[in-house]
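One structure below.
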């Protein structure tokens, strides 16, 4: 179980090259890049989210969003929003998923919508909004999606919301 | 003309099936034949033995009352409860705790079989657990210890006039 | 202009647990607002309270007749974090189960498609023929619907003897049935009139909206996770991805038919090539994923299903995000329905294979 | 009485109630038999007629409801009861037939032979259900629609010639009566949709109206060519004109046009657009429940039988058997030939239901107005040509 398989040892060349390009382009906005085979996670400051998204869309041809996930970290008092973007147009990058992650304060989770860059993000952002209380400014229809209309509790995917009966 | 030809083809296909055998499985009169004696698990190898996952069978003389199955089921369907059978004092089961299974809740996933290290809990071919009230679905350890008599002989056959249960 | 607003669903024969708010001008659809959430169960939240094994029967619930595929992505995410290398025989059995499940789900699709356009025979035939594959899956896994068969480390048991002949019988029979499907349903002129040219989703729109699965492939994009990012042993098997350039409802149904043919060929190949050996790693004790995060994808019957798993090293996952194909195709519903007639809702809407339970999770 | 908890309890209760009712009935009947002379007289005849049916028939004749009376013809044969019986059994046959086509068994348990009593069981079930109407519906119209639909079907039976001598009413203009009655069907559908005061039924009603009007005209044109060839508006004369050659042989296009229009009038798949269940629930029937729904179904199937009969009359030579058959088929008499042919038409309609999906309303209307009407007019020309060329001197009547 503990032995590391061989894929870990050989450096994923392609991913490393892309990551370097991202680091050069976005400069000091990048807080860190994690590389795994076929997966790159770019941590950025949340102010420059539009710039980074634009770069991904135009330079890397990441044409659709696979998922928008929010992860609640009550210890750091932050919420991490992770966008996983993929591409259909570039066949060589189809197995690659680039995650764009930034953290926002937990009390006032406001950020900008990316719906003008990736139209496919609409329902993901709505879900993240209702499940974690993240407010995407500029989203045309930030309403309840899955939760009942009269839901008047904490956003359920926050860690301090306990499942009833647990 | 193409329209009529295709329509005629469709009618021909439908009419052809008037002379095919019926696939319907007439359940109370016919019963399916299952492979093996039900799902079992070999804790040494860590691999199960293929079989139908139906009603459980509990070997009272092997059960130690460790309540691992209860712990597993707690997160799945909460069907297993440990109950005390004072009159059954088996030497390896000092507290004489045995699982009792509520088939109104069980999802037949078989993970309780996987977790049991003593080969005390297996699953059998029997699936006809019906009753008029919920209490009868609660199987006590003694009921679980009874070996079920399931006999099915029908399976899908492929003949000249299509498939049928025979 | 006066509009008529009707609710297609949730108590409507043509919707499922789902509501479409349809605004009509005459018979023409002006606007469609999808309203999901009737079967939302909070799978992602509940998963945080259960350990990695207990989550298995739970995660197959959103797509109960596609359970092996959705679990494929889940177990891969866990194995990715744990750095497990699965025995090859186990991988082959996983592929067999996944493809059986794909056929089962596609047949379900055709059954509902049939009844949605009023073709009762096309409802009964696929439902009956599904029985063959359910029987095969039951022989392997021991259950008829919720298999709970794939677990981190491999599969739960080896396949029984005599699978080969039964699979061959079933596949040979089903090949013949597929031609009958084409005769009575796909090439039926009335169905062609109803489905061809209805619910167009152009290639550019499909890419822009990020749809997945047969919906994407019917729009002319040759994308399939099994080829693009080969997992398990899909890179060792020889199969084709059906792609249509018609972009309409009929093309989506056609892609489903062709995929079933491919799936049968994959099952036969996998049974033939399967090496002997163990099917599962013997993981002793509790399964615990080390801290970190993993994102895994698999091609389910309706498209790419993805798991984003964040672990802090505890017994339970810290955060699991499950992205199902139906959820990603949800955005296409208002897009393709706009401008059609009221009568076009069933064939166009169902051609996306939208499964409300899977989307709501 | 005790609470019902298990199935045996329920059976006990059932037996108590039924037994009680039976006991009461015997007492009441026994008292009545010796007090009311008329009933006691009837009772004697009843007892006698068990051994001698002629006594029974004579007695019925004396009451004016005998086998040759108009009452018998309207109520029993070839009138409503007969049609309802055929309707019920065609429902059973349809389910069984489609079951076979779909590789399943269909109704199985009610009745000895393959669930033949299933329609009866369905009626019992529907009778035991609650009748619900929407809150703001027009109750009078809402509840009169099932009867109206039934009446439309039954009114067609009046002029339907099941045999040369045995028919309810012979009129000089019976084909006009048929079309006058059919003309009521769209109104009933529209009213049903409107009176329900609900969105889906209303859409269904409008669709039904559009569809039926669009297909009535080609239907009328096809019937007109039949009238031209036979030279009479009387259905009996029309059948008599086909004694040597059926009109389907002379005018296949007309027969096809009439058949397709028939399907649309009957709202059968592929033209069951007013009831399209995945689009508009079940259209104008949506809000009907219990026996109101049962009556609509019954009326629809009676109309199904009646219109199939009219197709037989107009194109398939009514009660005449095929001429090329050997003489031993003579023993099949007129009524049997007519019923046989009508059932054949119904079976063909059922086959079409098994293999086809549903059409779309705009395609259907386009098809009706542009294609079918053209074909009907073409057929009219063919009919005129046949008549003018004088190939068949027995045609043209007058």
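Which chain is which? They are A, B, C and D, in the order written, and residues in each are numbered from 1.
Basically, a contact is a pair of C-beta atoms (placed from the backbone, for glycine too) under 8 Å apart; a residue touches a chain by one contact, two chains touch by 3 or more.
The structure displayed is predicted, hence computed values, not measured ones.
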Contacts shared by subunit C with subunit D include exactly B
Top of the farthest list for subunit D, CA-centroid basis, is A
When A-C and B-D are ranked by contacting C-beta pairs, first place goes to A-C
Chain centre (avg CA) closest to assembly CA average -> C
The distance between the C-alpha centres of subunit B and subunit C, rounded to whole Å, is 25
Subunit B and subunit D have mean C-alpha positions lying a whole-number Å distance apart equal to 49
For the pair subunit A and subunit D, the C-alpha centroid-to-centroid distance in angstrom is 65
Note: subunit A residues in touch with at least two other chains are none
Residue numbers in subunit B touching two or more further chains are 7, 10, 13-14, 17, 23-24, 162
Residues of subunit D that touch two or more other chains sit at 101-104, 354-356
Among line, ring, star, complete and other, the chain touch graph is other
Those chain pairs meeting the touch criterion are A-C, B-C, B-D, C-D
In the complex, subunit D touches subunit C at residues 98, 101-104, 199-200, 203, 269-270, 272-273, 276-281, 353-363
Contacts from subunit B onto subunit C in the complex sit at residues 2-3, 6-7, 9-10, 12-14, 16-17, 23-25, 32, 34-36, 38-39, 45-53, 72, 75-77, 107-111, 114, 123, 155-156, 158, 162-163
Per the touch rule, the subunit B residues reaching subunit D in their complex are 7, 10-11, 13-15, 17-18, 20-24, 26, 132, 162
Subunit A residues touching subunit C in their complex are 1, 3-5, 8, 38-39, 41, 63-67, 69, 71-72, 82, 84, 86, 88-89, 91, 94-95, 97, 99, 118-120, 122-123, 131, 144-148, 156-157, 161, 163, 166
Subunit B partner, complex, touching residues on subunit C are 49-51, 53-54, 56-58, 121, 128-129, 131-132, 135, 138-143, 146, 148, 156-160, 169-170, 172-173, 180, 183-185, 187-190, 192, 278-284
